[in-house]
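Notes follow once the structure below has been shown.
In this document, chain identifiers A, B, C and D correspond to the written order of the chains, with residue numbering beginning at 1 in each.
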């Protein structure tokens, strides 16, 4: 294939793969900046993927809203993501549960619940039917006429554009508003925040619930854009990759985005490698694991350690250091 | 004058102990009221109650004559009560301004307006003579400036009644004089101040009245004019306290520690030590005097192996230990009371007993062929707790649960008990009450008299003066002079510390 | 049970007038019974048997899902130990485990799909395998004839012998009808990564391929969504069952494996007293064990289908042999002539 | 004493609450919880065979649980157990098939080498953290995929028997326990169970009784203080990752040598490593706690398939139940609060 095509598709796949990770990682950033560890991203993504697929199917087939269907799905994913974040929030904030334990529990809960519901909604089937109206790629006028990056970058799913917008929003929220200042203070020194009368619990709740919603959107990005259905393995480790992106991106929304794009780029690169027949020289398995190798190498190259919010993972108890 | 704060019959119980037992505290408008008591006496607790962080089990609180329930810091803020906490409540990666406005932010629509906020902060700091850089990150500024930020936080919230919990424990002498001036300005502005300190001369210097508590019980409230340090010490400890350190003249022996032109970089890569040359001999206490941030920290770190030197040699007992590992150096006969007890000195989640063997755990009798001997470890701990009077429920209590004062005693016990040839003591009495200080000073002198070398680092000039046999003054990573305490006044020392003697040289270098 | 292989009496309860009775169970692999693939097909076969013999679900025919690899043995045993007449293991993944259980319980009758147990088939086991290479060959023929760009693609799940049968059969089919067409091959490294499937597919399509055949389970779903979102002219060929519903306007055909037929016939035979234990039953085009989906005619012109049937005949007559491995494919290229 | 009492009571209550919610879910879709749970417990304890298989399914969880718990105790989060387990499986399969040694020795050699390779694999993440300060959570996640694909490649290219599997291990390398298996009606019981218990004891001893354990935990709690005390922080980080990985590797080895007798190309992760995280955390990251939580976790998931087989109840319900149990155990504050309320009620009743 000629190299412009190649470049286009690599860029395009980079974005395709990165989008769900970016959305979920944003959730991670919010939650962990407020001091609550969030390895439940995987679970929230599962729930989001589930909700989006089911609602998109229902809206498309029963309500007959046609092309609007995926948007309903997206909304549902956010809402159910928030709902599922509630137990995590209650357990870790109110009942001081170990935040990792609670996260692990939620991953189980989400997986179990989602499949359980699918089996009930689709007479016993382990996966939903195919989403008849999934998201379609949109190309941005003018921009998409630019050679290479036009088709590479400005021809993507709405979820990708949404992700970019949300990166900016979360960035402003965290670094330009009082809300963000308070959230970040909680992640660093909750006692300080408390001593100036910030409602520690309230703000942590908001952060964790929003995180659930964002990760939910990430899941939706898989089921109604990429796979067009939901089944037990629609989300297979993506939540953990998002977690990695968040850390790689140093708990910063923009950083997380670049990290996710990096994973996506490596994945797309590996795919192209196989297709152009590198497998005659390199075993397929090595191309398949390339992204993970590159990540480690990249991290080894990065100067300056990422350091987590100081109070991350420690439950907040008044009057105790 | 009307009472602005009345705390009447306050009782607060914690699991296993009564921190406050029917305590009274009445503060009048425009006064600086000292709260005095041993470590663990209940001062911080009482103040945390006034600030709404703890709820009293009994007793009532009146502010401006009205009964109030201070359920949380918001209420306290609304009542015009502000607190400068003993352990700073500052968000390290935030800027000064961000820390000050946190919780009552300056906004422009939905967004933060940091520019406007910085102006406000600048105004405030001018008005009260609290010099801060609004844009600086807290993690980059000196402890003194951090404290000024804490004060600004309360003023920014319009506090009329300010609580200072041991502000001076962490300050340099210069900073202390500045703080005193600030406090005077504040009362001029009509504020009232509650001032916790263990340093009686500070109380004598600026307080109007002082309330003394002991072991959680109210002792008395007296006017400073009608009392003196000895009376206060007596009231607080319940016995006579010896302030002046009694010691015979030193009989220095062979050289124990020797540094030759040692250079090293600080955390930010800039040169922190440039050519330190210093000797400490057996049977003497050498004090390092200097303004904070002139290389004291780095000096100790290179000696103990926690920081690499870039050039120069360090010799202990005639054996070179430059850039050896901390363990090798410790084995060669160094004991180290670290400056930051929480960061370096203790594993807060380990029991006191386990902490007492933090650097000997691998040696007999505490470890036999790789196996820990807990009976030995804890009996050892019991012994030290007894000798050094560490106030702890038991040797199994986690270090975290101890009063900072007692945490400090535990560390000192551990290091002194190892009976090292060279004992490095950094800020050994910071935050301790007079009783504890007296005791620790005795221990250091004992070490010396047993023919051991002691390297004392303290920001308290009078501690340096009273303990040291020789004083080495450090300035900009160099020893700019070694003097005998009886031959200098605090004033001369202060001048040397501020680099006065080398001003000219610096100007030349600058041009 | 009562040993003795071939001449087994009809199972208890079978009288002259009434239908023969039998208790048959199947153990799915980790895909679960509704995997839209061969576990599901297997269960359809069971249901057909149940309807036919008026068997009662759960009591006389049933299934159990395996969640993990470790579940296979206990799941198989759960039926063997309550003396069910026949226990199916669905999928090559449980080959070793089924052999083990069969050996421990020589009186229990068992059968497995997709494995010949490395040729060492115990007397109480029937091993059903399919000639995927033959079905894939036909898919190759379709792809080879339908491609306009002379570039076609193959997306595999994980690279191992079973999937390589698909790959090489397919390549041979393409070669047979269109020697100068190139086949791009890529493996996702997983059967459950639809996003990988989509990325591989889009890379292939973008690179000029216009037909893609997948043998990658759920990873293949990504191939369908990619074809669908690209619209007309980007073709995909499904696997195992008729997958055209996933992208009706882009699906040329599906290489179907009649797992259901296999389950149905072998079980029904046993009910009627026919049991060929210890043997490998290999189902190819001949036996209708593999073939192309009925919906093929939707997007594939009749002349192409005719060509496919022609090759089908040659394969069944043994005139040509579809290759299973890379080596066999090389030989095929060497020997095959128009 | 009260706290010790709670340490028993809280998990019990958590389990009950979890099962309760599960029952509600069953009823909500028209299944009979009594029947469901009797099927579940029948599936766990119902027969000698089931008991045996339950124990078998618990065994790998003990290893992975120990691996995660050990890392946690030393301040590290090892999400890489999954991959280290795979490395162990591969190593054991290779040594078991390729070498020829006298019986017991052969099996032991395979386990030991699996521990070494698993340990080295994990040590990579340890080294990257110690030297380059790369967060172990990222590296271990990445190393999982790398392990999976490396193993798949090695098997496909150099080491496959029939089809996608490695050649079977030699009898001399097997960890089977024929006698015990017989007793449990051919359940796949093997020496690995014993090994897992021994390792649990060993981990306890290493962590809480030895000088090394004191160091490892100190570094985990406060690396600055550890450095001050003359401990080599970097080396300790690498060591604890290596030990953690060795435990996982041992798990992989016994799974290969005791259960399957071969290893194969994998389409994905088995999840046993991730389950190990849950097991470790339910077990309070204490070796003996891990033993118990592995029993709970393994038992429930194993029994769930009988629930599906006999009553047609989706096994996901059990996933949910397990999730809730973890959640309730974690939120011990909640449970304590409930116990408290309950007690107070009791007292009031007593008074009146």
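In this text, a contact is a pair of C-beta atoms (placed from the backbone, for glycine too) under 8 Å apart; a residue touches a chain by one contact, two chains touch by 3 or more.
Bear in mind that the values here come from a model prediction, so they are computed numbers and not experimental data.
Visitor: Mind naming the chain pair that shares the most C-beta pairs in contact?
Guide: Highest contact count among chain pairs: A-D.
Visitor: Suppose each chain is reduced to the average of its Cα coordinates; what separation in Å results between subunit B and subunit D?
Guide: Between these chains, centre-to-centre, one finds 47 Å.
Visitor: What whole-number Å value describes the gap between the mean CA coordinates of subunit A and subunit D?
Guide: Distance between chain centres: 28 Å.
Visitor: What whole-number Å value describes the gap between the mean CA coordinates of subunit C and subunit D?
Guide: Taking the mean C-alpha position of each chain, the two centres sit 35 Å apart.
Visitor: Two-or-more-chain contact residues of subunit B, please, as numbers and ranges.
Guide: none
Visitor: For subunit C, jot down the residues that touch at least 2 other chains.
Guide: Residues 159, 189-190, 192 of subunit C each touch two or more of the other chains.
Visitor: Going by the contact rule already set, what residues in subunit A reach two or more other chains?
Guide: Subunit A, residues with two or more chain partners: 119, 233, 236, 285, 288-289.
Visitor: Name the touching chain pairs, please: which are they?
Guide: Those chain pairs satisfying the definition are A-B, A-C, A-D, B-D, C-D.
Visitor: Under the definition above, what is the set of subunit A residues touching subunit C in their complex?
Guide: 1, 5-6, 8-9, 12-13, 16-17, 119, 124-127, 130, 134, 136-137, 222, 226-229, 231-234, 236, 267-268, 271-272, 274-277, 279, 284-285, 288-289
Visitor: For subunit C, which residues are in contact with subunit D within the complex?
Guide: Of all residues in subunit C, those touching subunit D are 58, 62, 64-71, 73-75, 77-78, 81, 92, 95-97, 104, 115, 118, 157-162, 189-192.
Visitor: What part of subunit D is in contact with subunit C in the complex they form?
Guide: Touch residues, subunit D against subunit C: 47, 49-50, 53, 56-57, 60, 148-149, 152, 156, 160-165, 168, 185-188, 259-262, 265-268, 270-272, 301-302, 304-306, 308-309, 312, 315.
Visitor: Which residues of subunit B touch subunit A once you look at their complex with the stated criterion?
Guide: 48, 51, 53-54, 72-74, 77, 83, 85, 87, 89-94, 98-99, 101-105, 107, 110-112, 153, 157, 400
Visitor: Provide the residue numbers of subunit A that touch subunit D in the complex, in ascending order.
Guide: 87, 90-91, 94-98, 100-102, 104-109, 111-113, 115-116, 119-120, 233, 236-237, 240-241, 243-244, 247-248, 283, 285-286, 288-289, 292-293, 295-296, 299-300, 305-306
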